[in-house]
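Note that the chains are named A, B, C and D in the order they appear, and that numbering of residues resets to 1 at the start of each chain.
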Amino acid sequence: MPTSRLEAFSDGVFAIAATLLVLDLHVPDPGHSLAEGLLAQWPAYMAYVTSFLTIGIIWVNHHALFQHVRQADRTLLFVNLLLLMVVSVTPFPTALLGRYATADQDSHLAAAIYGAVMFVMGIAFTLLWWRATSQRKQARREGLLFSTGTAVYLIAIGVSFVSVPLAMLVYLLMAVFYVFPWLPRPSTY
Amino acid sequence: MPTSRLEAFSDGVFAIAATLLVLDLHVPDPGHSLAEGLLAQWPAYMAYVTSFLTIGIIWVNHHALFQHVRQADRTLLFVNLLLLMVVSVTPFPTALLGRYATADQDSHLAAAIYGAVMFVMGIAFTLLWWRATSQRKQARREGLLFSTGTAVYLIAIGVSFVSVPLAMLVYLLMAVFYVFPWLPRPSTY
Amino acid sequence: MPTSRLEAFSDGVFAIAATLLVLDLHVPDPGHSLAEGLLAQWPAYMAYVTSFLTIGIIWVNHHALFQHVRQADRTLLFVNLLLLMVVSVTPFPTALLGRYATADQDSHLAAAIYGAVMFVMGIAFTLLWWRATSQRKQARREGLLFSTGTAVYLIAIGVSFVSVPLAMLVYLLMAVFYVFPWLPRPSTY
Amino acid sequence: MPTSRLEAFSDGVFAIAATLLVLDLHVPDPGHSLAEGLLAQWPAYMAYVTSFLTIGIIWVNHHALFQHVRQADRTLLFVNLLLLMVVSVTPFPTALLGRYATADQDSHLAAAIYGAVMFVMGIAFTLLWWRATSQRKQARREGLLFSTGTAVYLIAIGVSFVSVPLAMLVYLLMAVFYVFPWLPRPSTY
């Protein structure tokens, strides 16, 4: 089975999940100061940028991975479906974090849940990459580096219970870190 | 008429319907315990996973079906449109089930409606497969197995009026069951 | 400029607009009878089916039209953009009709607005077809039949002020009418 | 890395962002005059048309730009991601403007924010075009004209604090202005 439609479907899910994030940005009700209302939403903006970049990075790596995959079997299709299910759900923890980061209680839990979803997304991508490179030892070894990055999310979950803004910063830095081209290029996987 | 654009449009609808499911997961209002608020939403998570996987399976089978179809006539286009209409509507019964599964009343009706939509989706896919394989006797016979699976939804609708959680489990198991690769491969249809 | 990306973008807009229609179906609040709550929404279901089929038909015809177009100039791109703007806005009059069809007042206006948007969509498609077939006299003449159909929406707008259910029936029948393959085939345009 | 999947993903984001704009058009609550309720929303319609056309124009130019790009490196992928992030966020300032343009206070701020997002979108597109034409001096020079247009948004931000309707008119005219084919054709970039 050629991978072209798998890629088209995946591109669709990535694009929609990333674009749906905007629905978590709310227009403040008229009657109060708009400037204050907008500024108070800063965690939602930070979560938006973080989630958008993270989905974008997973998409770039997905792109790179499938350039070297000619055929998709049923197992690969379903591991991919698992990854897409996590990508699709991203707007939910993003909204959670944006809403609770500055709340009086439960902000720690919201930040930890966000990290947990990111961690599961990393695991799902690792599984996909593991399956897709089953014939290519070299690519498999290089991919370990990417997967190691996923472990940082575990640390960030711990950080969530100490400082929510710090955990959010880690999530954002993870995304920015992977953006820059001096990193191990997934295009060689 | 070549099937490439039909597939692109279908992929779009599948991807969007699956991704819109996330809008049925609601961020609990601050002020109460977030953990409790999130846990109380378990039917919504279960419905999310079930619907996402079900749409994913229909997509995988749609993909497999159209690999062997070279030309689409107007009838095929519209049978496909019928299937897409049911796929598109999926977020509605999913939200209904997520909201009503633990409600004091009408949970049975909500679970039955969910099953009914899944059943209609199975029927629509059967029609599409029947039309697309009109020249291929062998594929048509093998497809009967898939269509038989659709009948399980009828049983699950009955189960809905006895136990909602049991019906939800059947819906989820139907999706998981079709995921595994040891099943009759639709890729041969 | 080849038309492949124009078609991909258009397919995306058609698919998303059709799938967003589901957001106009609302889960009734628990506490009242679910069955009654769902039945009371019948205009929303009828509007959903009508709009989904209408967008689907426009898509099928768009598909047929662009099979014979090799190159898109800037004018064609923007006439296409105009059509897509009307297609995109469809969920709004659909929601309006679904909400107001059984309201005590203004149901006539809501039904007329729905018809007006459908009429503008027909005009936009006619413009696109007119532009795309500028070199093909025969196709242009055959297309007149399709455009004539658009005029029925004008009549339906008038009907809206007499009977809303009747106007809704006309809108639905227009969609069903174009679905059947015994009609003049746009695939020959 | 070939640009086909980058274009597919981008087309998806453009199409979704443009189509999500419709969610900012609200069905007025029954009980009041529907006609008045709809007319009072005029800034939302104007913002819808402006944002839809603006996204459409960026898409047309994106399309034209990538016709001449064969390979995408990691930097180009991420500059593109930056542009898509701004395109994706468009429904938010659009909703803001639609809601606040006729509010008693803060309408100036809302109009200025809209202009600021449009300005950032122009900058992001300029960056992308700059990067993509790094080997083509001629294309780069011609592109300056487009970028100059972006500066108009800065003026419009200033106008926002004098007259909101005038600023909205400038935003709309910017979109209409770029639509017409007598402008420097980006297809030659």
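Miscellaneous remarks
The criterion applied here is as follows: contacts are C-beta pairs under 8 Å (C-beta built on N, C-alpha and C of every residue); 3 or more make two chains touch, one makes a residue touch a chain.
As the structure is a prediction and not an experimental result, all values here were calculated from the model.
Ranked by distance of CA centroids from chain B, the top chain is D.
When the CA atoms of chain C are superposed on those of chain D, the rotation angle is 90 degrees to the nearest 5.
Remark: chain A and chain B have CA centroids separated by 26 Å (rounded to whole angstrom). Averaging C-alpha coordinates per chain places the centre of chain B 36 Å away from that of chain D. Looking at chain A, residues 8, 12, 16, 20, 23 sit in touch with two or more other chains. Note for the complex: chain A touches chain B at residues 1, 5-6, 8-9, 12-13, 16-17, 20, 23, 73-75, 77-78, 81, 84-85, 88-92, 95-96, 99-100, 103-106, 109-110, 113. Within the complex, the chain D residues that touch chain C are 7-8, 11-12, 14-16, 18-23, 25, 27, 30, 33-35, 38, 48-49, 52-53, 56, 59-60, 63-64, 67, 179, 181, 185, 187.
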